[in-house]
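Once you scroll down, you'll see the structures, which are given as structure tokens.
Okay, so chain A shows up in both of these, paired with chain B first and chain C after.
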Partner chain A sequence: MKSSVITFPGSNCDRDMDVALTKFGFKNKMIWHNDQELPKSDLIVLPGGFSYGDYLRCGSMASKSKIMHSVINFAKSGGLVMGICNGFQILVEAGLVPGVLLRNKYLQFICKNVHVKIDNKENTFFKNLDKKVLEFHIAHNEGNYFCTNDKLKEIEDNNQVAICYCDQNGETNDQINPNGSIKNIAGVFNKEKNVLGMMPHPERMIDESLSGEDGSIFFKNLLNNIK
Partner chain B sequence: MKVSAVITLKKDVLDPQGKVIHETLDGMGFNSVNEVRQGKYFEIDVKEKDPKKAKDLVEDMCKKLLANLVIENYKIVETQ
Partner chain C sequence: MLVNEKIAIEHGLKSDEYKNICKLLKRTPNLTELGIFSAMWNEHCSYKSSRIHLKKLPTKGKKVIQGPGENAGVIDIEDGDAIVFKIESHNHPSFIEPYQGAATGVGGIMRDVFTMGARPIANLNSIHFGSTQHKKTKNLLRGVVHGIGGYGNCMGVPTIAGQTSFDRSYNGNILVNAMTLGLVKKDKIFKSKAAGLNKPVIYVGSKTGRDGIHGASMASASFDEKIEEKKPTVQVGDPFTEKLLLEACLELMSGDSIIAIQDMGAAGLTSSSIEMASKGNLGIEINLNKVPCRESKMTPYEIMLSESQERMLIVLESGKEEIAKKIFDKWNLDFAVIGKTTNTKNIELFFDNKQVANIPVNTLVENSPMYDRKWKKSKLPKKNKINKTIIKSLKIKDTLKKILSSPNVCSKEWIWQQYDHTVMGDTIQKPGGDSGVIRVHKTDKAIAATVDSSATYCWAHPLTGGKQVVCETWRNLISVGAKPIAITNCLNFGSPEKEENMGEFVECVQGISEACKYLDYPVVSGNVSFYNETKDIGIKPTPTIGGVGLIKDYKKMITMDFKEIDNIVLVIGKTEGHIDQSLLSRIIINENNGPPPEVNLFNEKNNGLTLLNLIEKNLIKSAHDVSLGGIITAISKMCIKGNKGIQIKMPKFLINEIEYFFAEDQGRYLIEINPKDFKEVSKILDKNSVHYDEIGKINDKEMIIDQKTKLTIDELKSYNTNWLNSYMV
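For the complex of A and B:
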């Protein structure tokens, strides 16, 4: 299976994502933001980082870069696209997933492990996953998911909520919400569920001795689902 | 021609920075503040002499890049 990771000026999780994808069997290519064409891919990943120094709004500049025309076309034709952290911010700025990511409620950069509950398994990203709760890592300043009430109803009606912040038992409540996101939302899909944006980093959880193994579970399952 | 645009957060969007600024003002003795909302201000010099066309151009920029219309409003404030 082939994957492509897009590197923007200021991306800093692109190589970690490359390591993770390669470790679990993807043939990965790194693509520069100024390229026009995507190589043939089964999965496109927009990695975390601080593209364009977070100028104007996080992800806003990167969402207008040359390669994004191809990424948007790829997504519109049903291709799998995943945006992690800054990649999620780029996806919302490109209009590929609904909502926006505001500054964290308590104005702090948050860097810690979190548990997330998988809300919807009827999609290529989470289908057949044994666990309902995964432990991932978050590191962001603007991860406070927001949308209007009408939009929230629409995404809930369409099962577009992908993952929510929860405790280790899968309970979601305000105390466990790290950044003020509406309904503890940590990740959302587009309507067709082929585009996933999420703040947590699965690529930081692929080594038992360094972090945890829940990222490994996620990537192995993803590869099997694409095969 | 120079055109200025002001981007503000929509009414229902939480503005934690504005809130902290409000609290700080309060602490400094400015006790008559009801609310503070932080926004962005742009001065754009465009290669266009016609004020109407210059304004339209900046409005298009606001819609496509400068503002995220999910959470922000824009206003063209002055042309000179």
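For the complex of A and C:
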């Protein structure tokens, strides 16, 4: 299976994503933001980091990069696209997934492990996963997901909520919400469920020596689903 | 403007220094030249008060590839790999403007490391604030933490460990010391020595603005009430540009275009160009009209003294300009050929086709002032006879609660959760342990790093304090299973013009030197920060030591959390009951006199190396060094982290409980072992003459000291975590 990770100026989780994808069997290529064409890929990943220093608005400048035309076309034709952290912010700015990401409720960067509940398994990213709750890792300053009530209803009606912050038993409540996201939302899909944006970093959880191993479960499952 | 003595003094030069400049030049300098001299001859750049003493530090060793004198030190970690590391202070700017001060401190030290060709792989910091009651403390803490995170997080370099302390002596002068480690191949290390004639001198990175002019001079003076006026001397950081600069420099370094490279840190273009010329025994000619400027009508004086961040100066091989330019264009960075190397041994500056400065390089470097300042020796304070009835009247539980929730012991999670500590995917021990540990990417090796200081001990007796802090970092490394290799030091002191302060400096350096020599733990880089004082009140002497060690097989790394019920816990090293200068003495009994705990280097080395041997044999399940707050504080942390309790066994020949539990005797560790290994472990300890006491057995839920004194894990946790969270709300 072929994957491509896009490097924007200021991306800093591009190498980590490359390590993770390669570890679980993807043939991965690194793509420069200024390129026009995407190589043939089964999965495109927009990695985390601080593209353009988060200046103006997180993800806004990167969403206008040359390569993004191809990414948008790829997504519109049904290709799998995943944006992690800053990648999620870029997807939002490019209009590929709904909503916006505001500054965290307590106005602080947060780096820690969190649990997320998988809300929708009827898609390539999460189908066939045995677990309902995964332990992931977050590291962000602007992960506070927000949208209008009408939009929220539309997202929920279309089953576009991908994952929500929860406790280890899968209970969602305000107390375990790390950043103030509306309805504890940590990740959303586009309507067609081929584009996923999420704040947590599965690529930092791929080894028992690191923060945990649930990222391995996610990537292995993803690879099997694409095959 | 004509230069005279008055203007020189306004530039921070002393009257006789100015006279010396005129003598060396055989004429009066012009204003640009005076600015250059003031920048090169200030304390921050010239080390004029410290140089003579720093020579005492051991800087050589089998593992040392590069000692002090370059942008950072380099040590060998085998297989052709090397670690580049250094610590640096950014105290003065952080007090004036905490966010930018701390941020540019982190940016500056990372630049020092990647200037040498290394990719930064970990950041650490040691930050010190005034009393928690002081009106500025909370905002300074918040600003500094945001600044450190703001820069390091954006760069994508994990912040893996640190130290935070509070003490009244920092009320008017906080300390922000930032350390970076980078990874490089041994044969791809870059240095700042220029070589060859007529080689192009290249400017890359951000444009030059008017920010930070005289930053280094500001950092070489004491503060007074007009401190707020100095805000414009604080540099403004742009971590995004630095990230681009990092990638562009590493890309250029993968080829063979670079002869010498030097980042523009303190004193900007001045010190970088002069340093490269001086090391290469060459001259440099610069056309200042070619320097990319951010603001219009900048004068030669301003261009030379600007401390705008994220800039580099490179001497290139002739003919490689196009290759280099292409890389910097790709990363959207400025690139300009601004001059060339010459054989004049002078620095010659041109602006609007006129020569605006012409100074022999050696007058700025070798002829810079060096002082053997007067200093006062400190006596070892007499033992303080603390009233035994007061000690005996203390209840263990209440005392432990106060110590665990005290600002200098409590959990610093509120701080390190704001730092990205997991990016780069190799952090295997996060902040909150004895050392941060990162794997060497795609290998089985790991690097442990720690940063520490003990200002109270240094204040009570600088010689002992200097030794102690080196030993503390050594223990922190051993506790995670790393073999200590070398240190970097950041020496934060008051005014060297005062005999007491200078004495503290001299004796701390002496202590550091003795400990490093004995432990075969050389100093490879460092920085001195004097004049940490406001209105004549200086800080406690605070040498900060950053220690680095190697774990050959990262799977053998040790953490401090208790692992398994029924395992036995031992204290390694002897507990004599030293209470003077302990946390117990200072915050519970309110007694500040007396000597710090004695440092016995033989025991330190012997205990540490024996523990490493036990770790190597897989006999240790968890380990933690005993420091501030004594044995019981260390045990509490092991309980909290492991979510397990302990049944404490009172050792025979107990001094008295309080002294035993809270004493801060040195050279001690707590270790957890499996009961089946007890025989083997005790045999090895006995064979090496290492003293040990059995202190308890791990259980599942509470710390039981005696039948009346029990604490649940949740109690311990809440004492330890609540204070900082509620303070910062």
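We adopt the following convention: the second predicted complex is superposed on the first by the 227 of 227 C-alpha atoms of A that agree within 3 Å, B and C clash if a C-alpha of one lies under 4 Å from a C-alpha of the other, contacts with A are read in each partner's own complex, and residues count from 1 in each chain.
In the analysis below, contacts are C-beta pairs under 8 Å (C-beta built on N, C-alpha and C of every residue); 3 or more make two chains touch, one makes a residue touch a chain.
Given the structure is predicted, the values throughout are model-derived calculations rather than measurements.
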Which superposed partner A:F50 touches (first chain B, second chain C, both, neither): second
Contacts of A:I206 with chain B and chain C, given as first, second, both or neither: second
Residue contacts on chain A - larger count, chain B or chain C: C
Contacts of A:T148 with chain B and chain C, given as first, second, both or neither: first
Set of chain A residues, in rising order, touched by both chain B and chain C: none
Touching residues on chain A, where the partner in the complex is chain B: 56-57, 60, 64, 92-93, 99-100, 102-107, 144, 146-148, 180
Residues of chain C touching chain A in the complex: 146, 149-150, 153-156, 238-241, 243-244, 331-332, 416-428, 430, 439, 554-555
Touching residues on chain A, where the partner in the complex is chain C: 9-10, 12-13, 15-16, 19-20, 48-50, 52-55, 108-112, 137, 139, 141, 201, 203-204, 206-207, 209-211
Contacting residues of chain B [partner chain A, same complex]: 12-14, 16-17, 20, 65-66, 68, 70-71
